[in-house]
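In what follows, chain A forms one complex with chain B and a second complex with chain C.
Presenting the complex of A and B:
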């Protein structure tokens, strides 16, 4: 039986654990210490972990089930908006217009009443549920129609890209009621804790790390289960799987929905740490970037996807700060490099460098 | 019994194709094909390339919808309205002409995925590997003589071994009807004969329809033969009977 935590995942989780414990500790060191970590870096690290979680989500459906979604940014953004709506409501009367009920942008637009779809978002638990339910439901309905009509491959990629583009346009409109162009921002606190307080930042960071670890374990559990094997079977020989009696569309919808919910969770954790969510998150290029992370790290490995996200995002921060014009070329170059030279990504490279392992011993039946 | 169908076939036939037609871009790949196969029967289907043998299997298994005609299963179910997974769940298994196994899975997992068991997402997700399941996997692996390659990735198998593996997967499904498309391709002569023996041993308990070009193989099956030509039945009977017919020799055997 395949183990839930293999060497790779074990190493990754151990490293994640170490960072999660050490980074907050390092912020408490005196600022004269060489090991001091400025507190403002904690949300940045938290943001990176959100991206890693998003990459794991995409890898679950692309790497294992072969569903190349070019719209995962949309699920991420929807999760982010759900949390952002709660944070907006939590500002309450402390906004510029001091309206206890309406967020500033609504007052600015001259609205007098909270739109119905904002009801309930004053409660944290409701927003948290919505951050998972909305992306999950969208993925379920979208997937149900797409997979039942046997849309797959390039066509599926194109319609997922169209989905995120449509949402981008919709969320840009002021009368959609999500803050239009500016999105949602100026958040104050979450569950009564100030978002700028170092302790809140640390708590959010730790929570993100826990979510990442939890989702990686969940994704791993799915992929090593018999259903995970069916997913790979679908990827390898779809019609063979059907003729064995498996309803391929059910499996695809299932994994697509779980993956979208993970992406929504990543978005919900991202927003309080970054302090803003705007329609730019729906940009088609964002979704493509996620694919690059996964491809670079090594698709179908989960750990590789997370590492790919961390590497590319770090590279992006560095490049956009030092050579702002180069980033898009670098991203394109990376994509070409991965496709041509690293079909199995960074993890594949590591595997190739390792001395060839002896053939695994025949598994003994339990 | 559906009115309008004549004669005995419907009473005994497990599978009954009635006037099935299917064209591709105006080309009639299947043209008024009628065929009845009894429960437990072993039936060989032969015919020249492009006669429509594979297309016939596609129609039975729900992959291709006929333009006209019915495919009746056990006298009461019209298979043309059911999707592939549904047909498979009714107990109809299929081996492809081009051997198709799950290349990235181990030999063992290929069999495991085929084992007769619930196919829904959630039962499969929470499926725990049991000792009983392992025993069944081993049983089928022994039967196709791939036990020693149990942990091998299927992609590393030879063409013939993939054929065996796919036959093993077919058996593991425990179907009532097995549709076997050119099983002997890529096998040695000895293996070909073994395959014939295997299929003969399965028939009786299960119904088997085999498509094959290898005449020694068909002879070894020693069963009723249907000759397809241009999408319909040209002749039917024992191999000696059909191979004596002028028209069969002309379109197929004589070439």
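Presenting the complex of A and C:
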């Protein structure tokens, strides 16, 4: 029996816990102190953790079930839109047009009543459920059709990319009722707490950390369960698993749906901290970037995915600020480096540097 | 001055009579009388000027119409004054002599009003209707059709009788018919005129006849109604043809973008996400060639595409060989890793081009021989579009022949079907791999040359095509060039037929969703490969 929390996961969770406790404390230190953390960094760190959660979600289906989704950004954005719609409704009559029912952009477009799909989003619990249910449902339906007809490998990657591209085009349309290319923004508060207040920011950050830890434990629990073993079997030899009598598509649909819901959760936590959600999040390039986070950290490791996301995103923040022209070179180089030199990612590198124990690291074929 | 129709008509009558009285008058004598008298007198002189048949008459009237005809106070010469208030230059309208800058108060303008302008336009119309230059005659006839006037009935009839060029005569006949409709001639003549107009293309029918839909004479109104309905029906039919053409044109763009991919992905099984950027490199090659020609030898601009095509093929093909040798070679059998690696390449190429050429759109010119448009029935075919349709077919069939009949094509197929066996027979598989990838890349470069003619050349050019081209290849069936062909054209046509009722974006979404569903149903595309090779 594999332990739920092994050494790597334990270390990561401990580090996450330490950061979650220390970072809010550091903001309360006087600004003269060397350890002071400016409070504007809190939402930024929260954003990074959302990305880490997104990477874990992708690793669950790519690393363990071999489903390379190039459309996980779509699930993330859908979750984000669900939360964004609630935050839009919470603005209420404080918008530019002071309409208590309609968000500003609808008034601007000359709409007179709320479209049916906006009903219910004035309630937080409804939006929270939707942030998980919409991506989950989409993934379930999509996966149901795809896996039953045995679309796999590259074909699946291409149609997930087509999916997110179609959603990108759809959300860019003003008539869709999601704010067109401006997306949803100008949020004010959530559950009555002002989004610009430091305490709300800290609460959201802590919540994100808890969600990340929870999802990592859930993903870990899935992967070490019997179902998880079957998923790895599907990844490594799909036909053989099917011939052994397993219903491959049920396992695939299950893990794809769970993964999409995690991505939706990440999106829902992302929006209040970043303050905007727009159709650009659906861009296929974003989804492919998630893949490099996972690949860099080491696919099929969960912890590696989270670390990969944090490393790449931090690198991106630094490079785009200091050498904006270099960022794409660096990202492109990273893709090539990871595929050619680091097939098992950073964690694989760590394993290789460690003195070999009895059990070698498992090889992960494509 | 108020508009007085009666005096205008009187003036026009005078204009018809006067030439007989003063037919010997020369342009020089007439122009000298222009500044005298009131606007009505001027209208009469304008008509006389037109009657002189002097080749300089048109430029005099044109200057007058623009309000630029002025008389120099010093010597009474008539000049055309152009330029801003403080920087005026004058040209003698009669001799064409350039008189250089003139002071503001040294000339007196010949003033015109709206009624006079109308007479000038009519006179100019008559003048140009008989112009020795056929292009100007045609333009005059078309102008007369656009703004029919009863005054021109006789002039047009005269011009028709004298005309030898069939095209121009058709235009004049229509203009004449339109003028008849505008006049108060008997109904029978007008009915004939409606028949003449009804034979023209729908746009002309509508713009000319719409005004007479509720004509006072019932039979005329009925005839007009019929002609309009017939034109509308014809236009509906033609708009389907136009849609089909747009669809084929879009389809051939998709085909061009996808053929290269059909080689790398379809034949070799390599997911090349840098394909779009290779297309972009082809477009920038065209831009660079044109820049060099523009600065060094602008007279050869017409050949720029002929130079860019082989150059783009070789250059981008070489980049492809580099990518294959450097990255893809190490990743055979691991398609998802290839996907990531080539995505990295695409980001680097994008940023490299952005650093070298800047992020903005670059202007790529169309050689003269390719620009222009042709009218077939009710639809318009533009030069670059026709060229792309032809070019994509040439590339496609060229590739097909290469695959089928050349030694290289044979080796390529041998390596993809059974690599170890091919190697045993002495084929250098690595070499063939590199060349195959290079071929696919080279074709992407060709696509870039073609797309530079119809799309914005920017570092993001490739991004717009990559998803579409993958879908085309997957939809058509991987490893099947004919499948790619069928898929590209059918998707292009479907897209254009969806557009009118769904809008461009929604139409595209519908197509995407359709392909997603289609792949669920038939995971191997329209024309799947059969046999062992398909199991890969």
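Definition applied: the second predicted complex is superposed on the first by the 357 of 366 C-alpha atoms of A that agree within 3 Å, B and C clash if a C-alpha of one lies under 4 Å from a C-alpha of the other, contacts with A are read in each partner's own complex, and residues count from 1 in each chain.
Keep in mind that, in the parts below, a contact is a pair of C-beta atoms (placed from the backbone, for glycine too) under 8 Å apart; a residue touches a chain by one contact, two chains touch by 3 or more.
Note that this is a predicted model, so its numbers are computed, not measured.
Trainee: Which partner chains sit in contact with A:229 here, chain B, chain C, both or neither? Use first/second/both/neither.
Mentor: So A:229 only meets chain B here.
Trainee: Identify which of chain B and chain C touches the larger number of residues of chain A.
Mentor: It is C that touches the greater number of chain A residues.
Trainee: Applying the document's definition of touch, where does A:248 land relative to chain B and chain C: first, second, both, or neither?
Mentor: In the superposed model, A:248 contacts chain B only, not chain C.
Trainee: Using the superposition on chain A described above, determine whether A:346 touches chain B (first), chain C (second), both, or neither.
Mentor: Neither partner.
Trainee: Looking at A:237, would you say it contacts chain B, chain C, both, or neither? Reply first, second, both or neither.
Mentor: Only chain B is touched by A:237; chain C is not.
Trainee: For A:170, select first, second, both or neither according to whether it touches chain B, chain C, the two together, or no partner.
Mentor: After superposition on chain A, A:170 lies in contact with chain C alone.
Trainee: Could you look at A:263 and tell me whether it touches chain B, chain C, both or neither (first, second, both, neither)?
Mentor: It touches nothing on chain B or chain C.
Trainee: Would you mind listing the overlap between the chain B footprint and the chain C footprint on chain A?
Mentor: Residues 365-366, which sit in both footprints.
Trainee: If we count contacts the way the header does, which residues on chain A are in touch with chain C in the complex?
Mentor: Listed in rising order, the residues are 68, 142, 145-146, 148-151, 153-155, 157-159, 161-163, 165-166, 169-170, 172-173, 284-285, 288, 291-292, 295, 325, 327-329, 331-336, 338-340, 343, 365-366.
Trainee: Would you mind writing out the residues of chain B in touch with chain A in their complex?
Mentor: 61, 63, 83-85, 88-89, 93-94, 96, 100-105, 108-109, 112-114, 119-121, 124-127, 129, 131, 134-135, 137-138, 150-151, 169, 173
Trainee: Applying the document's contact rule, which stretches of chain C touch chain A when the two form their complex?
Mentor: Contacts found on chain C: 271, 273, 327, 330-331, 333-341, 343-348, 350-352, 354-355, 463, 467, 470-471, 474, 505-506, 508-509, 512-513, 515-517, 519-521, 523.
Trainee: So in the complex, which bits of chain A are touching chain B?
Mentor: Residue positions touching the partner: 1, 222, 225-227, 229-230, 232-233, 236-237, 239-248, 250-251, 254, 360-363, 365-366.
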